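So that we are looking at the same thing, I have put the structure below in structure tokens.
For clarity, chains are labelled A, B, C, D, E and F in written order, and residue numbers in each chain start from 1.
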Amino acid sequence: MQIRVINPNTTAAMTAGIERAARDAASPGTIIEAVTSSTGPVSIEGYYDEAMSLPGLLQAIATGEAAGAGAHIIACFDDTGLDAARQCAVAPVIGIGQAAMIAASLVAARFTIVTTLARSVPALEFNVLKYGFERQARVRASNVAVLDLETPGGDAHGRIDAEIVRAKAEDRAEAIILGCAGMAQLAADLSRRHGLPVIDGVGAAVKLSEMLGTLGLRTSKIGAFETGAPKLLTGPLAQLMGRS
Amino acid sequence: MQIRVINPNTTAAMTAGIERAARDAASPGTIIEAVTSSTGPVSIEGYYDEAMSLPGLLQAIATGEAAGAGAHIIACFDDTGLDAARQCAVAPVIGIGQAAMIAASLVAARFTIVTTLARSVPALEFNVLKYGFERQARVRASNVAVLDLETPGGDAHGRIDAEIVRAKAEDRAEAIILGCAGMAQLAADLSRRHGLPVIDGVGAAVKLSEMLGTLGLRTSKIGAFETGAPKLLTGPLAQLMGRS
Amino acid sequence: MQIRVINPNTTAAMTAGIERAARDAASPGTIIEAVTSSTGPVSIEGYYDEAMSLPGLLQAIATGEAAGAGAHIIACFDDTGLDAARQCAVAPVIGIGQAAMIAASLVAARFTIVTTLARSVPALEFNVLKYGFERQARVRASNVAVLDLETPGGDAHGRIDAEIVRAKAEDRAEAIILGCAGMAQLAADLSRRHGLPVIDGVGAAVKLSEMLGTLGLRTSKIGAFETGAPKLLTGPLAQLMGRS
Amino acid sequence: MQIRVINPNTTAAMTAGIERAARDAASPGTIIEAVTSSTGPVSIEGYYDEAMSLPGLLQAIATGEAAGAGAHIIACFDDTGLDAARQCAVAPVIGIGQAAMIAASLVAARFTIVTTLARSVPALEFNVLKYGFERQARVRASNVAVLDLETPGGDAHGRIDAEIVRAKAEDRAEAIILGCAGMAQLAADLSRRHGLPVIDGVGAAVKLSEMLGTLGLRTSKIGAFETGAPKLLTGPLAQLMGRS
Amino acid sequence: MQIRVINPNTTAAMTAGIERAARDAASPGTIIEAVTSSTGPVSIEGYYDEAMSLPGLLQAIATGEAAGAGAHIIACFDDTGLDAARQCAVAPVIGIGQAAMIAASLVAARFTIVTTLARSVPALEFNVLKYGFERQARVRASNVAVLDLETPGGDAHGRIDAEIVRAKAEDRAEAIILGCAGMAQLAADLSRRHGLPVIDGVGAAVKLSEMLGTLGLRTSKIGAFETGAPKLLTGPLAQLMGRS
Amino acid sequence: MQIRVINPNTTAAMTAGIERAARDAASPGTIIEAVTSSTGPVSIEGYYDEAMSLPGLLQAIATGEAAGAGAHIIACFDDTGLDAARQCAVAPVIGIGQAAMIAASLVAARFTIVTTLARSVPALEFNVLKYGFERQARVRASNVAVLDLETPGGDAHGRIDAEIVRAKAEDRAEAIILGCAGMAQLAADLSRRHGLPVIDGVGAAVKLSEMLGTLGLRTSKIGAFETGAPKLLTGPLAQLMGRS
């Protein structure tokens, strides 16, 4: 089974870390192909960045479909474009945000998502509601920007630590979700130090993709995710999407 | 006060109808400028079309901001890109879907949205939830495609009529919302024949824009709609957005 | 278009301030007529006061209807008697509480209502639920009584300031609603000093009334707000309501 | 213990039936005093009638308080004025609507309220939400007016029967609540014929009043139901309430 | 009327206290029979203990049914086995948790449950949701184990006091529920000292049982609580339940 | 990794089918050990049967823990004892009901659970609420008893077919979940014939168990699922659980 992991943040260094996390989780028979979106913002923080990442993301979905991918993973924690991708793909599509929340719900009664900037919180809170976790999950900002996560000498780790301490005390969090694809490599260490499960969505998304593959489940094509006849695109986007 | 009404469906004929509806509702001092998005799908039905309409829509928002618009209206009933637009604009942004639901909630305890295709229903249901009308509103598809609304000799009107009859009987609807910008011109006649308020969102959005203008209210820039520093865009989208 | 603004608090000085706020918001063609309820409590704080204000309020609605009012505004933040008024009037009826929440929801993802006494909070929280804003809105008491708002030398302003500071920190409020018709004149100054939209419901209610007038929308008379045949009233209330 | 049962419908014949139902349920040591409200509509159907019944109802509460009542029952299924009464009384106050729903929730997982006119449904649905039964309860109108319940030769019973049949089939109702104080005498027969619990609120309210009396529980006076200092009433209502 | 009060905690000393509380609340004609479950954990704190208490509890229900009990009370605050008991009994079954919440909802708009260990909180929070009190109730742990409640010289009372103080300040609690059958005897003193209703579920359950008895209401046998044909039990549980 | 699949229905023939479904889904390195509970009802339909299955189930969990199981699966669609098992086990525990709903939520926006008897519906509806799928999922009974599923010549298949047809039309179901472990073998055929994903929970539970194993996630031991000190069990249950 081939799983395409698409990083809609157009920063290749971030994709490399995501690819490592995906490979660590994959079963022997699974082929992970990680791709960086070809156009869009270098990092995604909030609604506007999400919107600007969509053409590149959906183009990458289309490329993967044409190449016969068994599943697509959207490697951005706000699950940007998940419904649109499910509508245009035949193979199933998994978002790392939903994947992480599912994993958390299997090992904890309450959990907290620690994300990057305050500006990203409302979109994540809507996803929490959309997925049905509003009675179990809280969202907190660490005030660490996506691209500062790998800056040496910064206080990113200290800020994330501080939010985890607050989540345990104030939210009664029993597990923590790292709310950014760029935080994947921190999970094991944080879990050990804070004494509770700390979950990164990339690995969870790989396993859920494998689940759907093994069970022969694909996105239902009646109702919300029906693929309509291709629409005429006008203007420069047609060329960008390779449809002119 | 200048209000920019943006049709993210790239079909100019549709924009003309929207412009008429907007002008009919505008106060004497209001200048309506209706624009068709410069790139994107010719009609928007479901998640994928919504996603593909965003670059063109947000470009139009940016153009309007640069020209000093007093408010922006997104003239597509699923309020495509509303949060993203609120994040990048200084002037307030109104979606015709939210506007119509607000108007309905002021004259009826329960109401039903009659939209185009079944594929559009789930996104509208999520907006109903997001705006807090989930206890008052139902969504129904008339199975009339956006671009068939103006086809002479079709049975579009009959199908919409039939859904209104069902909405009164099965949903206990006290008012009807026309869930597509292209249905604006039908409202008065349907209201008369079915004996209840029938609401089009374009006019409502114009009046709500004027309300915010008169009251001096603009989108709050702390929290969800904070405008961050402009992100570097890579790839062809940078050129499309005029940022290369 | 004539809009009747009814102050169900029987304190004429308060009505004068409400009238000013209404006139400031009205369009050139709109005639504002502000009236003080002819009987009831001098100020409304909590459920009992609300109940005692209803006969006077509904009598004023009936008087306005007879005089051909284009819309009625109930100028008390708990929207006392709103459903009853919608049931007996043909012209639309707007409550300043619902109006303020609608305005806030168009410029902020989360907002906080700062009201007078703790005793008023539960009724406002029920309105928040009824209108569907329970995921976006919080209610706080400033512990300033309605009639103390205009007392010179008091600390009313300091208390309201303090609650706004708490709302930003603890509720993540992006906008503030002033939860009492008597606070209207404070909005502009508070907005400037706290750096976020501060909303008074009187102006918002005027603009929403104008919206319904322009769009030709009146309260639906099927379902919740159907006007039944007039009931026989027994006892002294019949005389009070002019129906004996 | 003395329990005052107040019928806010100003129809003495109806009060007599309510009194019988209350006495049937009362324990040996309980004294039932049933009173008809001294002013207000002859029957209560919908929001407007509710509002007009409040002065008479609250006057009756005050009279009962002065006479040392141990508890007050509001014998109208929409629990008109319940919060206001709790705010002004020291003795506990029970509404027959809430009482019936509580009884139903103890013997059934789902239940349906069969009320009088369609116009009464929305207020009852809001009570269902307010009391937290929105996942268990449905509301149906039998289209029988309150005052037609005792009209000989009418089809009131047939209509109520028909709604119970629908409630079992369509709502999966496991119990039925009679949504009008005037239906009390029908409960036993309907229960036998339809094979499920049929609940009238008057008896339930008597037993809940006795419960609070025995347990020494009275309405909490911190928060929502705090009794403030008596407000000055202006106009004719002051005389009506005996406060001039 | 005979009411069987079953303590599923297999600690006889605790049953004695429960019996006293039940007798204090019972009407003259009511016979209280308190029984300790014949097998199970000595105290119930959390999901596992709940599960282990069920065979003994349901055996006691069956014994009571055979003896013609008029009602069964489950005297454990998490209402362990309530639905199962309702399914197998003909007489009604009341849980003290639900009973206490009902009583609280009649005298307060918001209330807080003070229970024993943090481990017990999630199950109580689910009951709060199941019964529909999620907008009114909060749950707090006092970190006092069930069996430490009667230990002389401990700080159990101090910890409960401290949580009540926090509930008033942080939850805006207007009443307190004691979330453990072993706390019954503390209610009167705590109510006096903290100035708000303090509710124990045992007495409330007795009165609700009497209510159902007087009104002739028994658990509905259509739907959720239908008693199916007795299932074959295999293994040692068959002997334990007396069905081999 | 060893996964223990426990069938709490004490019918070995059913366990054999469950084992086949589990092995079909397992990865090469996974060892499936299917066990039939040693004591309890032969089939589980409704609350009472659930309760009676718990001692046998929890004993099987303890045996698996002692043998070093990597994960436990509860192979009954109502996820009987899931929270109790999570509290006493160190290895993660998955219920097939939750697993199936998670799988469905990844391929469909709305889905319907087709279960056995009407008596089983309410417990499943509460699980739907508990897991957060109340806006996406509906539950329907096929009126086929668990043990009739394998009876040759019955109309079990016809009834399940009929409910799927209704679910598509009335619930707008985009996927179907088979709500009983005994229906596993029907999934592939039903999916083909009805043209939408049909999901059995056993395979999904195996894959989710493997996910947690690969990601190194175990049930959080702070909060809801903390394992307390072992409680003294009194009476015959102590012997049954091997703790005397």
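In the analysis below, a residue touches a chain if its C-beta (ideal position, glycine included) is under 8 Å from a C-beta of that chain, and two chains touch if they have at least 3 such contacts.
Nothing here was measured: the structure is a model prediction, and the numbers come from that model.
When chain centres are defined as mean Cα coordinates, C lies farthest from subunit F. Of the chain pairs listed in E-F, A-B or B-C, the one whose interface repeats that of D-E (more than half of its contact pairs identical by residue number) is B-C. When you average the Cα atoms of each chain and compare centres, the chain farthest from subunit D turns out to be A. Between subunit C and subunit D, the centres computed from C-alpha atoms are 29 Å apart.
Averaged Cα coordinates give subunit B a centre that lies 44 Å from the centre of subunit D. Annotation for subunit E: residues touching 2 or more other chains are 109-110, 121-122, 129, 135, 172, 223-225.
Remark: subunit E residues 25, 27-28, 92, 94, 98, 102-103, 105-110, 131-136, 168, 172, 174-175, 188, 195-197, 199, 203-204, 207-208, 210-212, 214-220, 222-225 touch subunit D in the complex.
Of all residues in subunit E, only 10, 37-43, 45-52, 54-56, 58, 81, 83-84, 86-88, 117-119, 121-123, 126, 129-130, 223-228, 231-241 touch subunit F in the complex they form.
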